[in-house]
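Listed after this line are the structures, all set down as structure tokens.
Each of the next two complexes has chain A plus one more chain, namely chain B in the first and chain C in the second.
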Partner chain A sequence: MKKQQRPYRAIAITAMARRELRSTLFNVGIYIAIALGLCVASFLLYNYVGSIQENGVLVLPSSFTYTRYLGGTIPSPEPMQVPLKWAVYIGAIYITLSASMAISRERDQGTLEVLFYGPVDSVSFVIAKFVEQILAFAVILFFYVLYFVFMSRVSNFALSMGFVKMLLLSLLLAGCMAAFGMFLSSLSRKVKTSVILFLVFTIIFISVPLVHSFLMAIPQDEVKGALSIARQTTSYLNTLVTWVSPFAYLDRGATAIELGSVAEFVKSLLFSLVYTIILTIGSIGIFNRKGVRR
Partner chain B sequence: MKKLVYLLMILVAMSMLIIAAPPEKVEQTVIKLILFDGSQWGETFSPKEYANFYMLAGTDNIIIPTKTKVYYWPITQEYMADYYDQNEELEGTLEVYHGNKLIKKVEKEDYSFAYPQGYYGGRPELRGGEAAKEAAVTYQKEVEAYYGRVMAYQEAMDEYRIALDKFWENPEAYKGRETEIPKEPSQPDYPVFYATEAQRGYILNLEPGTYTIQIEGQPESKRTVSVFNPRRAGPGFEIRPEQKWTMPLNSNEIKETVYISGKQTMYLTPYNGLEVNMYKYSKLQKLPSVSSGRGGEMVYFWMQLDYINDAKLQVLKDNQLIDEVDLKKWYVQQTADAALGYEIIEFNPVELGERPPSFEGYKVDLDGTGRYSFRLVDAEGKVITESERLVRSIGSQSRFFAFLLPLIPILVGILIWVWRSSLSASEKGTDKTSTPQAV
Partner chain C sequence: MIKTQNLSKEFETTVAVRDLDLTVEAGQIYAFLGPNGAGKTTTIMMLLGLEKPTSGKIEIMGKSLDTDYFSIKRRIGVVSENQYLYDDMTAWEYLNFFGRLYEVEDREKKIKAFLERVKLYHRRNERLAGYSHGMKQKISIARALLHDPELLILDEPQNGLDPYGIQEVRDIIKEENQRGKTVLISSHILSEIEQTCNRVAILNKGRLVAEGPLDIVKMKAMEDITLIIEVENLTDNVQKAISAEPYVKSVKVDNNKLIIVVDRAEDYRARLSRLIAEEGALLVGMQSKTVSLEEAFMKITESNVKALLKEGTA
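Coming up: the complex of A and B.
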């Protein structure tokens, strides 16, 4: 019985993922996300070039290294890696938004129930949605790679193995983000709720490390009273975010690349995988509990 | 009315008392700490409220358990020790435990800090035991020799003045005998070597890890020591572009690339750098402060330590050595006309008199074509580890393409939207792609 179930699941996953990907590629949304990512990357590169032309010289990255977990979010050795990271963030946010609506939208519209009259179960449904997000992200990355290779040629900014490693990490980040989005989606019955949840968490995940790094950049002598407490509070929050936020898993890998540590790099890959698996299993569990009806 | 005035006077007097209230001092055993920060030794202390202190691994540090008066100073939010009020150093053997295992016993010994290249030049050295006393004696001898030179100078000056008076009595008499005209003696050289007086303390040097220390049989002196390594270390560079010499950029590690635009002249000043954990390093420098290192548990930063002044800089173009430069002193001179501007000239004490140099550095001229790199080599010509930096010249068209390229995905999206619209119109509004279907 089990032997027969596997091919059906695989077929269902392939068919659903292909159909969803086609739908995504025929929508303008993904291209707007890519363009936004490239705009941010261009803005950073534009600033780098402007700064070099104005000052004559620029050292990249900057010296202050802000760190999370055992390594840190370090501005990478090549100027291309920082714009890539932010472009990847935007692509990943799009993936999370898309994933956070994946289950709740189908449930909200009532199409989920119809879908489950066929040879589709919760596992194949959630995995198909997940695979579709990863493939969509691969398309986004494809555009990014073309952009960065071209810009590297034009600007003479270095591209090296670190860049390739960042791309690999980015795929895993997409995995984490998609799993996180699916998890949020499985929690809510309404699209509106899942979008709100997505927005709240994304703002927290991005703003906490930024606020912490901003506070930590203030010279020690000027840190007194409330500012000192704020530093400590954001430090605690940042530690929490480090484990919950999918973005943090990309940062860990980026740190490993920066430090040239293979062990840390492999560890960051493993952590990302574990995070993805746990949230995907969680999504399936919650999906089963909530059922397919509105 | 009078009552009100009296009341106000009492209130003012009381408020003055409050302001003048001294902090409460408590007698306790603290550990006076003289800790190495990577280039020099700084002093802090460990009261019982901060029983865990931090040290750099593999370095010599001074530990002095002392009974003193401790108070909390709310203005700077830190504990202070009043050594003037009480300063009783504990005697005995210092025990070092790793876990429950006693790994080391350290006896108190003499120590002093020696500055072989002078107090303001080069790194200090910690001298322990007999060497500490010798350093103090050497310094004393240097000072005595200096006084000897000063005395000789004074005598020479007196003789010079007498000879000068004699000369002015009849200068004409010295015609044809110019070599006999009295010359002013030169001032004596200051002593270079400096050493502090020998004092007594425990010199502690440990591997990374967490340890417990205490004076044998005196549990009030028990403390925990967290010994850490810097995450990375290596030479860094202050990079001064010629056109903005007051705004140097820092390059701390080998992976950093120096980007230039066109032809550039730069001045590079190398220094020793350490990448350290902000919390631990801040606590190493100032332990009993509430705000020191707060929130920096997961932050790493580069510390710029002392300058490297015994190396040469090699400049390479396309991996070929094209120049070897010496470290020189430079002086920034304002241009003579009314307009703003300056020029950087090599420092010449004869021409510039008592004016100090503006900075020291290696001058590097790059023409902006090809791939450059630079690195430091020691006196034997060996490349100093982690000192190499790549230099790349950026393309001038980058900004234009940075504007243009993000438009391409939007264009692709518009084309797809137009194509889909035409498809929908031809299929009378049927959309085959948006509604999920049962498989």
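Coming up: the complex of A and C.
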């Protein structure tokens, strides 16, 4: 593309992202996601406080799936980290769902065609949608931060550096989730299809690690025949999911934070970034092939 | 303003547009006509870069969309027959969004002016979901004009509008053209095209079958010319003298009027006037019976289908 086209693209991205964000903020979905995330966080914090009240000591469970990436013994996470992680998960699922409808909805409604009558191309359109998802997630995070600051005052649980790192990581996770959702959206012409794709992939991404953990927990001497094949297959699938699933990137980073490994944390940030870039480029490519017309 | 060369678009089973050469000069109101499925919308979509041509070249304002995509798009305004609007927005918000997209200066002032022009300013804060078909079309027109484009591409802009709406759109098209805008308009309302356009192209089965100034295209559609001549002292001799002329195909008499069918090779009006005078009659009035655009359109497209059937390519 020519150099002069860059500012035009930036203008288009800004205008579209702004419109989309406005539309999201006037929609109830984002507030349901925030409320749900805060409910889960409150439930966990309530249990922690209750545990302290009852026993005078807080024994924290480690967050799930951490051993999949780095292995080793992981110290107990800080009290605010696990609730934040769960809240982030819920916010991120909302972002994926929203992103998975972002392109297909416009194509389905025909508004995409009208946008492309004007100074909008596939790159500016996909990036605008992506930026809007990140901004929507930033709004979610803003509410979460307010909540956790308030809860920190109330409960005396400290907001440590790990908490800040988790916030940074979650923004990159949102990038992964948005890129993944938009990739699904670019594949379909109908909103219904993209929602189905979102559900199918979410179920796969959640169930494969669970089934794998379950099968791996079976003692080696009991694993024979079909069970052995199933274990081997899920093992391959699980490896694949750790690279394909956007959720895996948060897990990888969260584990690095819990381990206190700066190198692993930076690596996880880089992986997330690469994942986001690859999927965004893929979305633009598929979008170009599918065209803008209904 | 628009130039296409050998433009073709093939889909899996059909050829939508075949070797289309089209030139729209700046300042024209150019009508793009054709029956359903003729390839008009496909051509417009190719002009806008929304469909990739199978072969051929497109130039808009002397540039190609491949190299000057944004600068060209910012100078075009488009209205399509389909009203794809953001229903969750109000008319004001919708125009404001497109104003931002096109970086319109004095945005609010212009939005107000356009909403007043399409008589919807009083409903500016209502959501577009509640707008009628006609109101939505007017908002689409306001959106297309907001950034003061040099070229307007209108695909069936008057579809579904009531007579008042049709007239409003017609007036807008004429006003914008007077202000120097070039207009490419595709429509099925041929009476409207006749009132607004100065040049037409007729597309049939993806091929350009007629192109030129409106009157010329209409003339070409007629095999013969019918002249109605009002005569005083009309005698049999006058009728006989006219019938004897080699270019006259038929003569009928209706009271003091002669209805003469002549071939299209020349303008015979002067010769006929002289003949009538020589026979001692007085010519009171003469007019050529003109064919309407609708009649011309039907004739051209029907004869083209017959030709294609003969060729075996229809």
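Note that in this section the second predicted complex is superposed on the first by the 251 of 294 C-alpha atoms of A that agree within 3 Å, B and C clash if a C-alpha of one lies under 4 Å from a C-alpha of the other, contacts with A are read in each partner's own complex, and residues count from 1 in each chain.
By our rule, contacts are C-beta pairs under 8 Å (C-beta built on N, C-alpha and C of every residue); 3 or more make two chains touch, one makes a residue touch a chain.
Source: prediction; values computed, not measured.
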Per-residue contact with chain A, leading partner among chain C and chain B: B
Which superposed partner A:A12 touches (first chain B, second chain C, both, neither): both
Touched partner set for A:P79, first chain B, second chain C, both or neither: first
Which of chain B and chain C A:V49 touches, first, second, both or neither: first
First, second, both or neither for A:S23, with chain B first and chain C second: both
First, second, both or neither for A:G118, with chain B first and chain C second: both
Touching both chain C and chain B, counted on chain A across the two superposed complexes: 11-12, 15-16, 19, 23, 26, 111, 114-115, 117-120
Chain A - residues contacting chain C, complex: 1-2, 4-5, 8-9, 11-12, 14-16, 18-19, 23, 26, 109-121, 291-293
List of chain A residues in touch with chain B within their complex: 11-12, 15-16, 19-20, 22-23, 25-26, 28, 30-32, 34-35, 38-39, 41-43, 45-46, 48-50, 52-53, 55-61, 63-69, 72, 77-79, 106, 111, 114-115, 117-120, 143, 147, 150-151, 154-158, 212, 215-216, 220, 223-224, 228, 231-232, 234-235, 238-239, 242, 258-259
Chain B to chain A touching residues, read off their complex: 77, 231-232, 236, 239, 241-244, 247, 249-252, 255-262, 264, 266, 275, 278, 282, 290-302, 390, 392-395, 397-399, 401-403, 405-407, 409-410, 412-414, 416-417, 420, 433-439
Residues of chain C touching chain A in the complex: 45, 48-51, 67-71, 73-74, 76, 78, 80, 82, 84-86, 88, 97-98, 100-103, 140, 143-144
